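Next come two complexes built around subunit A: one with subunit B, the other with subunit C.
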Partner chain A sequence: MVDLIIFECRKHFLKTSILVAILLFSILNVAKIYTVYHQNSLLSPNFSDPKWKKLYWEMYEDFRGEMSEEKVQKLMSIYEPLEKQTADQTASTRTDNPNTYTGNIYNDFLFFKWCLVQPMEHAYMYGNYAQKIVTNAKENIKFYESVGNQYEMSKNAAIANMFKGRAISDFSYTEMYQYYVHYDFSAFLVLLICLYALMSVFVSEKETEMDTLLLTTRFGGQQTVSAKLVASVIFIGFICTWFWLLDFASFSIIFGSMEGASVPLFVLENFVNSSIHVSLAQYALISSMLKTVGIVVLGLAFLLISSLFKNALLPFIMSLFVAFGLIYFGEAYMGSGKVLLKSINPFILVVNRELFRTTEFINLFGFPVLAYIPALLFSAVWGIGCCIGITLVLKKNALVKKGGKKRVIMEI
Partner chain B sequence: MKVTFKDISKQYRGKYALKNFSAELENGIYGLLGENGAGKTTLINIFVGILKSDQGQVLINEMDVRILGTDFLSQIGYLPQYPQFYKNFEVMDFLRYMCVLKDIPKEKGEKRAKELLDIVNLSEAHNKKIGELSGGMRQRIGIVQAMLGDPGILILDEPTAGLDPQERIRFRNLIAKFSENRIVLLATHIVSDVEFIANQVILLKGGQLVKQDTPQKLIRGMAGKVWDVTATDETVDEKLERLNISNMMRDRDKIYLRVIADEKPDAEALIVKANLEDVFLYYSGAGKAW
Partner chain C sequence: MSLWRYEMKKLFLYQKGLLFIGCYFIFSLVTLIVFDTSANPDVELNSKPYSFYLDQVKGPVLEKTETFFTEEAKKISNANVALRKAYDDYYDGKISKKEFLAVSRPLEEIVQNEKGFNLLFDQYSYVREQPDNRYFLYTNGWDGLLSHDSLDFLFLLLLLVLVTPVFCYEYESRMEALILTVKKGIKVQAATKMILVLVTVTIICLLSAALKYGFFYFKYGLENGNYPLQSLAYFGTSTKDLSLFETFLWMTACKLFGNLSFAMLIMFVGVCIKKYALTLFTSTALILVPYFGFSLESSKYFLPGPLGFMIATGFFRGNEHEYNIFTEQKDILFQEISNPAWMILSAITLCIGIGMFFVIMIRHTNSWSTGKRNLWLKPTSLALILCIIASGLAGCVSYKNTGYDVYNYDMRQTFENERYRFFYDDTFVFEDKKTGEIKDLVRNPMSSLTTVGDAIYGNGPFVYYIKYDHDKSKFQETLVRVSIIEVNTETFHEKIIFEKNLDTEKDSFLDLNKIFNPDAEFLKTVSHFFLDDHNIYFIAEDEIRKVDKRSGKSKTIIQTPGIRSVAFDGRYIYYDNEKSEIVRYDTKNESETNFHGLISGHFILTDTELLFINRKDQQKIYSFNLQNATTRKITDRPAVYFTFNKQYIFYEDNQQKKYRIDQSGHNEKVVLE
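For the complex of A and B:
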């Protein structure tokens, strides 16, 4: 079986065109990440004063780590005078003011506000915010208890339990993660590469008339189909790993830091209501794994579609249609409360922040289940369904199907 | 070894591709002759298990192949019609892959592949990409892969289609070389492929067995049925319309027609010696297409 898998990998994926696609798409991906930095980062020269970057890392040395009263006081002692001076917009606009950090007082104000005060305030206040959620959830429990709604009671109990004791103790640079967790372009590129590479897995056997020859060999039937599926999953795993690592490395290098790996996920503003209590590094790993699972499921769907046809063009177009259709539905229900419709779409695993940035439940026989669990189960069902579909659709050797175990005594 | 086809039938959309086909094969070369659509590929596909027959049995040494299952597959070497193989594979890698598929141990397979490449005169091409090979070379690789497991039954479906005359002769000789102690079933519509090497010819028409015998006996059976008729430009059209022509040759203003007929087709017709092509045309009725 291992030999078959190796040959399948070589046959379908070790092609110049695929390697070139990976190389070119990798370059494109890095360029896109650079654009994300260039257009959005507070520290990019395109977005702010070039002095900000240097100043930030100097200041960061003073304020990083555990947030203490002393650090907050120190920051406010810089920020509050700036806020007062710029409040009525009458302060000097000169850009070479030696009594400022950046040469301009407004620039100083914005720097401290956006780069230090707001992120630190968010981190500092998060404990209160979480506690408020716990209090509300407890009130809800009482209410639903009074009206006898068991499901809502269980849901609110889960919320209270989840947010209990949540706090952010450290101040850290998280801008890189802010953009990293919202970056989907690489997943789109991976999807395109997989679409291109996977189309040939079954179709090429038909195009080269090898399908009939394979069926007349001992391991050319079901074993070869299994080897093709395993090889495809390995290929998807490899491509995903490469691109997710490239994403992380590129973000770290281009943003200039991967600080903040150990701070909780809810330090990111879009994840304040997150259902999972993990660090940013852990989330990066979980997210990458789920993205890979999502792309594996989509890849299996591409394989199922291609196994129905004799040439690659039509299944390529149909698979593209399916991929874009799933993306469209994913986008349509993103941010909505239609958790079941979101979870049923395997594409949700590719943009899995939608599952983790909020705490959403699905009512499963009266039990509140966090949205990512049914999403994973639905994807598993899709994946298994595609595998079964492929084995049903592909031609089999009529003899092997009924094959007995009797040895042949051949008179040769 | 003995292969028995017992009353095999296969229908596609209510039309018989193969009807009540029965035959017995023992070691030797069997030329499966028939026009396109006669049922040759259907018969082969049923034999190797790609198709399921509607009725009938295939027996190997009196044992149903469906009972033998995969064990039967390791006893057959098959070369399908128009195989392209994998263009990005080197010859030796492709053969290694086929060894894996056929469950042939690595070392044994490697040794056998080298031996066979030597026999088919392709040792030099072992590290060439399959996409770089000519059609004839690719067919020779095809027969090498079929022979890897040293099968007792070798099945070749139109193996010379698309080959130039030189490659066709070379391939024919290879088949003869590989036929020792095994059954070779060679499906073709090119009579010359089997004329000199087949021990027996199986003639198929419309999915039915028309005749099975040695080429010599089939030719002998045509004695007195092949005629040479001379025509001119004025009379040729009428003769083409009326007679079953197997060949036509012009020599200045005279046209010589080779005619297949049970009775003397023309007053001046002369009996000539029959060949296998005449047999094929006589039974398939293909000459009437003029």
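For the complex of A and C:
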């Protein structure tokens, strides 16, 4: 079986065209990440004064790590005078002021405000915010108990438990992770490659009419189908791993930092209400794994479609149509509170920040279940459904082609 | 001739080309009918007053235009003041009805077109910036036809499904070796196939353009096609000296050229690669990757190849900038494609197309194909094609209570049901009537990234409030979604009954939902609402808009300047119009009943009556019985303002004294001197 899987992998995926496509798409991906940095980073020369980047890393050395009272005082001793001087907009606008860091007092003020004070304030105050959530949730438990709402009680108990003791102790550079977790273009490229690579898995033998012959062999039929499915999953796993690693490496290199790996996920302001308490590096890993699962499910759907046809023309067009349809509906419910409609779409796993960005529950027989669990379950159902579909379709073809009920096994 | 017939039969019948073409046109038409929304819905809603003024200034800005707008604005403003005075005098009994009618009729004629004037004045603000090439015209038709830059995905899929099998079908069935041995099977057949595809694509493309032109012509009208292109705001900064119709023709020509190039590309890739999957993948990737990959909108037009031409609108747009608050400089949003650049791009694309034609001819020979296949050619050609993208990317009837609780605009921050009293105190809270305990209504423990509107609506045990969701995937926080939440006050369970995306530019995968959303700005600013089983009614300053809960489609149902009082009982909406008359709008029949006798600046609806300040009787409080249509005086003193709490009426007279009186008009008592 292992040999069969290796053989299938080599036959369908070890093609020059696929390797070239991977290579070129990787270059495109890096170029795209560069434009993300260029357009969004506070430290990119396109976005701010070129002096900011150098100054930031100098200042960062002083303020990184555990947020002590001393560090906060030190930062405020720089920031507060700047705030006072610029408050009434009457300070000098000269750009060569020797008493400033960047040459201009307003520029200094914005630099400290956006790059250091606001992120540090968010990190410093997060403990209070989490405590407030716990207090609110505990009050809610009492309240819902008084009105007899068992579901909301359990939900708030889960929230209280989830946010209990949450705090951010360290100050760290997190801009790289902020844009990394919101980056999707590589997933689109992976989808395109999978769309192409998976088309030939079942179709190639039909095109050459080898499928009939294949059924006569010892490992034909079910075992070949299983080997093809396993080989496809391995390929998707490989290609996803390559692109997700490339994403991470490119973001780290282009943003010039790998800082922040151990800081909790909720340090990112878009994730303040996140349902998982993991570090940014752990989240990057979890997110990549789920993205891969999402692409595997979509890949199985492509395989199911392709198994229905004799050549790649219509399955390719239909798979593209299905992929765009799923993306369209996925995007329509992005940020939506209608969690069921969101999690039923396997595409949600590809943009899985939608599942972890906030704490959302689904009412499953009266029990509050965090949104990512049904999303995973639904995806598993879709995936298994596609596998069963493929098996049934190919079995049916085999029976029809043989014209009989039983397959003849010949020893050659 | 038989070769032509055979190829046509193969393309259209055997490969089901006609079926796909038919499906494309049906889908296109259905998409246009279902999804098309006018670029400026206000113009459609006020088409009569808008046309009244547009007909007077249509065309270029003349010397008299400015005088016209100044005088007309003055005339309308004066008429409004005079009309208000006439109404006041009439309601106060200072003038007779005859005198009032004599004064008000000519004034009403002037004022009735005010909304149309305001819309045209907005257009004037745009036109006067560059009066030389910006003309006044009705823009919705032309905007719908020209002002968008989305790729026609259905057409893309149609081309793929139609053109790919032209050569690939024979490769797949291994017939090409046989065909190449036939006399006409070499260059004649290749040329026949290509010409047939190019002619077919030309016909479909022209028919598609004609379908769109026809649709917008019949739906909106496409008049004044000879006016300059810059008359449309979308092309406002363009430097192209073209009329609207010329632009349409050029755009169609560009799209035709783009689609023909794409068809050539598919055939070229097909002939080089000879496999369905890789041909489809390469062709799709060459279009979709740059389409979704480029961050700057104009970048895709600078890329030689079919993509820019397939969209085409960008070739006619001008430079667009956006002020960047961080750098305090103007960031480029769209870079104009100059005529020389356009010509170079066309020439390069044409050369590539011709090159592909010859390569197809050369490759489709028996001497070339036999055993001399270069194993590196396939990946090399793929690499070459994809490299092009990589290099560029860095850039008065019987009244029936409807069973609903009555909503009054005046009490939009309060609601009372059997058990609780809800009111606003920095946030929405409720008081348990039995215990007097006060608790929060909105019980979401996580307050970050969400805000709650300052109005509620209640009906029986259900209370509704508006929630706004924010996104902070980038540096700045943006409002992305509005939802209406239903709270069942028996269990305090929350349910989303309506939600709408407000920001299409937020972080998303491919931005496929980037559709024109005329309601977004409206929903961002409006927070007062009431609802029934199917619709939500939003109250703005001068209109009430109905939004379908399921489909999200909206429609302005009431337009009146300066809405002061609104009430809703589950079926009828009561409001005061610009004449201070109380009007009843039936949400089922979409009809209006005007209570001409009821003149009020302020009213409150109860379960059976309308309590109102009667302008016709010195601002005294009256009640109008909705069941028998009788009017009854409640107070003898004039009132400036009043409230009602289901038991008592509290009012303030012009001496700022506050009184309490019961609904029947008895037991009057001073509550505050």
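Keep in mind that, in the parts below, the second predicted complex is superposed on the first by the 394 of 412 C-alpha atoms of A that agree within 3 Å, B and C clash if a C-alpha of one lies under 4 Å from a C-alpha of the other, contacts with A are read in each partner's own complex, and residues count from 1 in each chain.
By definition in this document, contacts are C-beta pairs under 8 Å (C-beta built on N, C-alpha and C of every residue); 3 or more make two chains touch, one makes a residue touch a chain.
Note that the coordinates shown come from a computational prediction; the quantities given were computed from them, not determined experimentally.
Undergrad: Tell me the contact category for A:341 with respect to subunit B and subunit C: first, second, both or neither.
TA: A:341 contacts neither subunit B nor subunit C.
Undergrad: Is A:216 contacted by the first partner subunit B, the second partner subunit C, both or neither?
TA: So A:216 only meets subunit B here.
Undergrad: According to the contact criterion defined above, which of subunit B and subunit C contacts more residues of subunit A?
TA: It is C that touches the greater number of subunit A residues.
Undergrad: Using the superposition on chain A described above, determine whether A:207 touches subunit B (first), subunit C (second), both, or neither.
TA: Both partners.
Undergrad: Applying the touch criterion given at the start, work out whether A:286 contacts subunit B, subunit C, both or neither, answering first, second, both or neither.
TA: So A:286 meets neither subunit B nor subunit C here.
Undergrad: Have a look at where A:21 lands relative to subunit B and subunit C in the superposition and call it first, second, both or neither.
TA: second
Undergrad: Is A:7 contacted by the first partner subunit B, the second partner subunit C, both or neither?
TA: first
Undergrad: Touch check for A:377: first (subunit B), second (subunit C), both, or neither?
TA: A:377 sits against neither subunit B nor subunit C.
Undergrad: Let me check the overlay on chain A: which residues of subunit A are in contact with subunit B and also with subunit C?
TA: 207
Undergrad: If you look only at subunit A, which of its residues touch subunit B in the complex?
TA: 3-4, 7, 10-11, 14-15, 204, 207-210, 212-220, 224, 395, 397-400, 402-412
Undergrad: With touch defined as at the start, can you tell me which subunit A residues reach subunit C in the complex?
TA: The touching residues are 16-17, 19-21, 23-25, 27-28, 31-32, 34-36, 39-40, 42, 46-48, 110, 114, 129, 132-134, 136-137, 140, 143-144, 147-149, 151-152, 156, 159-160, 163, 178, 182, 184-185, 187-189, 192, 195-196, 199-200, 203, 207, 269-270, 272-273, 311-314, 316-317, 320-321, 324, 327-328, 330-332, 334-338, 347, 350-351, 358-359.
Undergrad: Once bound in the complex, which stretches of subunit B touch subunit A?
TA: That would be residues 1, 45, 48-52, 60-61, 63, 65-76, 78-89, 93, 96-98, 100-103, 145, 152, 181-182 of subunit B.
Undergrad: Within their complex, state which residues of subunit C touch subunit A.
TA: Touch list, subunit C to subunit A: 153, 157, 160-161, 164-165, 168, 172, 273, 275-278, 280-281, 284-285, 288-289, 292-293, 295, 326-327, 378-379, 382-383, 386-387, 389-390, 393-395, 439, 443, 445-449, 469, 471-475, 477, 480-481, 483, 490-493, 496, 499, 501, 506-513.
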